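Take a look at the structures listed below.
What follows is a pair of complexes built around chain A, which joins chain B in one and chain C in the other.
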Partner chain A sequence: MQNDQLTLAPARGPSGPRKGRALPPWVSTTALLMPTYGWLTIAVFLPLLTMFAFSFLSATPMGKAPIIFTLKQYRAFIDQPYLVGIGITSLLIGFWTTLICAVLGFLAAVALVRSTFGKTREMLLILILLPFWTNGLVRVFSWTMVLRENGFLDSLLHMVAPDAGSIGFLYTRYAIVVGLVHGYLPYMILTCYIALVTIDDAIIEAAASLGARWWTILFKILLPLAAPGLISGAVLTFVPVIGSFMEPRILGGRVGVTMGTVIEDQFTQAFNWPLGASLSFTLLAVVLAIFATFSGVLRRGTTA
Partner chain B sequence: MTEITKRNILKLMSAALVAGSAFAALPGMAFAAGTITVLNWQGYGTDEAWSIKAFTEKTGIEVVHDYYSSESEMLTKLRTNPGAYDLVVLNAARCAQAIAEDLLQSIDFSKVPNSKTVDGAFLTNPNFSKDGTGYAVPWVWGMTSLAIRDGMPVPDSYAALADPAYKGRVAFDDDAIINVGLGALMTGQDMNDPKDLAKVTEALKSIKPNVKLLWSTEDQWNKSFAAKEFDLSVFWSGGSVRSKRNSKLPVTFVVPKEGAVGWVDGLGIPASAPNPEGALAFANWMIDPTFYVEWATKVGAPASANTAAIDALPADDLSRQVHKAEYLKTMSIMSALPDDRREAFNNVWQEVKAFYAE
Partner chain C sequence: MKSLGRFYLIATLVFLYTPILVMMAMGFNESQLYELPFTFSMRWYDALWNNKILLTAGMNSIIIALITSVLATALGTMASVALSRRTFRGKSLLQLMLLPPIAIPWLITGTAMLIFFYWTGIGRGMHALLIGHVALAIPYVVLVVGTGFRTIRADLEEAAMSLGSTPVHAFFSVTLPLLYPSILGAALFAFAVSLDQFVISYFLATPGYTTLPVQIYSSIRKGFTPEINAISTVLLLGSMTVILIFARFAKPGDTSDKR
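Moving on to the complex of A and B:
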């Protein structure tokens, strides 16, 4: 906008029509933001608002059932106390998945940034993104073949030690975490990579020339400077993981009951949308509460 | 530019006439033949390619499919997509619910000649009718009971599910209504209206050490059974025939003394169906002995509601052997559940699942 005026104004002369028609800056700002916010309103905000309204109904508003407003759906955690246990399980699965993703993702990103360059780095980045190109369901089902008794994992073990028992751990919480880490690790690598790649090499060289060992460089320089990437990666992982239902259902077997599967059951099996919606919003509130508790850490991390 | 001559005008006029008559003929053709959209589980009888081909050759009606993966999804689709479906496969228990919500239209049985030999008990099943009018063509019935790996002792009671001999070797259907029904049968209660749900919950919870997985599709059941992940399972009679015949799995279907959980599926026509005539013709084909024998012998099917179709099966047929007439005596048929009871059943199963996961 400014550039336009600079180049065009002298050519047309100071009294040209251009100057009088120049729009105030807020108009262009609004025009540029309109598509995004319009889309967000229609595609995100309105459906979410509808679900929020649903969560106060007594039954799914379909057919001839009368619409009754109630708060009983939000009492689910009191009326059905086993839900608390499921909620804690989901948070723990989310915590472990995020932690493992953070460690593996950060190390992978460091390796990418510090030890590779040019073509090799591009190649490795593409290999990291590859899992994103396959359907999530395919990825999860392939894990069932690896982890089940007499699966690939057992076959490999029996090649080395034919008499060993089974180490397949399909239908356990570990299997769920493995599947989830596989699914969300690329987010963590990419956010850490973006944070690490902006660190000036000179800083690290300066530290090294002043006698800093590798662990000092890692913990005193790389980790604090990459914290924004690590934190946004953690948020990107934690939030979808605690609501996940596909991985627990397929890899969890008997133990695959999480908030995600309970909510999914309400929408598909039990046809109780209000309860599903209220559980979702309760989960959202818990997530926001967790972020609020750690907001100090988060803010320090993202502005560091 | 072509000059406007008599000949050109004639050409133009005849072209317009042809176009016009073709246009006029189009809706008529669509009515006589046209397309019907069937809403069903995937791979469940209506979508057999050979059958659709034979039906289209006979009637000129094209059959298109849409699928659901749970019964509530089916009801959701009926509620939210009026005019999209001509025929829907629905369980008796869900049928009453659909009729109550005016989602189905009544059936003109004079256009379904094969319904003459359908067992009267199915035709007058209270779930399929309202005020004496039928709202679904009874199609197939079957049982949910136990399936055991060949060579293992055959259980004679549902108590076997909790037998320590099967520690970590039992699979359950992830279906609240079926499992609460089984729990009711285990505790000697009415499957459709158990008075003591706490006892049912206790009975289901007692199976925990044995439960290996909860399956939700037949494909998943087959893969896990083939991988020897479990030996004893809650399973469908028709599914066991398919697994034995098609996948050569060593499985035997067992009905213990408490009796099986019975179900019957019907073919209903949504109130908003664009082509009800075509749908009736297809429903008639679905209970035709010609179709049924082929379906049951080549693919494996539940028992047809049409007695004439069952009688047409060879005596050594697996499906005929599994669906023994004697089982009908002990079988309890699942019926429609009022909303609060359905919710209570769902909550029981949700609680049991949470207990299994602890």
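Moving on to the complex of A and C:
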């Protein structure tokens, strides 16, 4: 409808009709869209297709070696059983990170909505979100300062108990989870906050005046109403976490072997691109399955 | 309950900021091995000033971020005009196509780019980084400018045209000035996205052409020096400034109509 108005409007104007000048609207629409979608095609869509094709090759095509198509890269989980363990590790790290983020983030969002207002709330929200938009690598690196032996955590402990040993837990899976929670908590707080802030205060007052205790309000009113925010926050945490590789590398050291680091290795160390491609696509399938499952909730979350 | 909530929020902020502040403080500590007690020193900033590799990588990052910002803002704004103001078939599909660069883990996108660029002969290096960064920034630009469009009434443009303005003139004299804050916000956003991008850059950089995050990553893995703390502090403060400026231009959650 708007298109018709756009082209008809000048004809109604006082300067008279300008016949023969106006192109059909689809021409300009296409011209406006072409650069963006052309760019995305070259930078994202064609690469993904190429990687899909690569995942069926038997070896990285080098020089004159013949190109052989095979399904063996997708059998990697059967042929190399240690990959199953690594896959489970990745899923567990993703699960714990998401769960801890959800609990901490939901409570923080409730606290924001119920205990603060006006300028204070705005300030707190900006302070919470600010780290999210800074370099993730640097934030992960900063945890090594805290968690290493004789790091900040140990210094704090030794102030209280000078003879205590080290409680630094750098290069463990706990360290990886702590670093990841730190990275994605602001996002979870934001999605829960957006869901909670629309709740009418009258609902909670009504519940309270009818004798509901705080835990009843929390679990029977706030939690169900925040569910869309919690779910979209959980999806948007879990997906990048199972694809992460620098957090496990830096915080996990030798125990930090995940799907992410295995894929990275195929491209930077082992030079087995077809295996890397098939593992990437397996990961992508998991990601797409998660998005498909929660697409309804996610769509409501983004358009609200 | 109110004070408990506030206490919890303060605890959350302590969790979020402690490692960052510790990291920054260690950049001013004399000891190379991050040993305490703390002795104030500018030694690592002096060292940083003479570290050509890190400074070059930093310069590369800024140049890439600037070019990315300009290109992504131009392309993204054009697409946003079509997606916000035109109706055509397949529009929801096109909107859906903006999601993969944001939603698919960068590890997958980055390795896919590496394979494709290698296979087609595009190769790695600055141009490859630019192709990747612009693609990642475009969706954010479309979203930010699209939000701006929603706060501007379409009938203002129509009013201008019914008074004799051409569509192009109406767009440039009515819509664009109203859209200006969103476009500027989108440009800053694109700049920040590019400046902080590590994963894509990591796969597309060459030994001779790296960006700051890639250089920081390899330094961390090699066994690090407090110079990394110094440059990290500079980088953090830089991106925080950009984001705070962005927050001023495009207030998150600001739904007031600009009429």
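By our rule, the second predicted complex is superposed on the first by the 235 of 304 C-alpha atoms of A that agree within 3 Å, B and C clash if a C-alpha of one lies under 4 Å from a C-alpha of the other, contacts with A are read in each partner's own complex, and residues count from 1 in each chain.
In the analysis below, a residue touches a chain if its C-beta (ideal position, glycine included) is under 8 Å from a C-beta of that chain, and two chains touch if they have at least 3 such contacts.
The model shown is predicted, which means the values in this text are computed figures rather than measured ones.
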item: First, second, both or neither for A:Asn150, with chain B first and chain C second; value: both
item: Touching partner for A:Met123 - first (chain B), second (chain C), both, neither; value: neither
item: Contacts of A:Arg249 with chain B and chain C, given as first, second, both or neither; value: both
item: Partner chain(s) touched by A:Val262 [first = chain B, second = chain C, both, neither]; value: first
item: Touched partner set for A:Leu71, first chain B, second chain C, both or neither; value: neither
item: Touched partner set for A:Thr89, first chain B, second chain C, both or neither; value: first
item: Winner by number of chain A residues touched, once chain B and chain C are compared; value: C
item: Touched partner set for A:Asn272, first chain B, second chain C, both or neither; value: first
item: Partner chain in contact with A:Ile203 - chain B first, chain C second, else both or neither; value: neither
item: On chain A, positions contacted by chain B and by chain C; value: 148, 150-151, 249, 268
item: Interface residues, chain A side, partner chain C - complex; value: 1-3, 5-7, 9-10, 12-15, 18, 25-26, 29, 32-33, 35-37, 39-40, 42-48, 50-51, 54, 104, 107-108, 110-112, 114-116, 124, 126-131, 133-139, 141-146, 148, 150-152, 155, 182, 185-186, 189, 214, 239-240, 242-246, 249-250, 260, 263-264, 267-268, 273, 276-277, 280, 283-284, 287, 291
item: Chain B contact footprint on chain A (complex, rising order); value: 59, 62-65, 80, 82-83, 85-86, 89, 148-151, 171, 249, 252-257, 262, 265, 268-272
item: Chain A partner contacts - residues on chain C that touch it in the complex; value: 1-6, 8-9, 12-13, 15-20, 22-23, 26, 34-36, 74-76, 78-79, 81-83, 85-88, 94, 97-98, 100-101, 103-109, 111-117, 119, 131-132, 134-135, 138, 142, 154, 158, 161-167, 192, 195-196, 198-199, 203, 213, 216-217, 220-221, 224, 228-229, 232, 235-236, 239-240, 243-244, 247, 252
item: Chain B - residues contacting chain A, complex; value: 69-70, 72-73, 75-76, 79-80, 100-103, 175-176, 211-214, 216, 227-229, 339, 342-343, 346-347, 350-351, 353-358
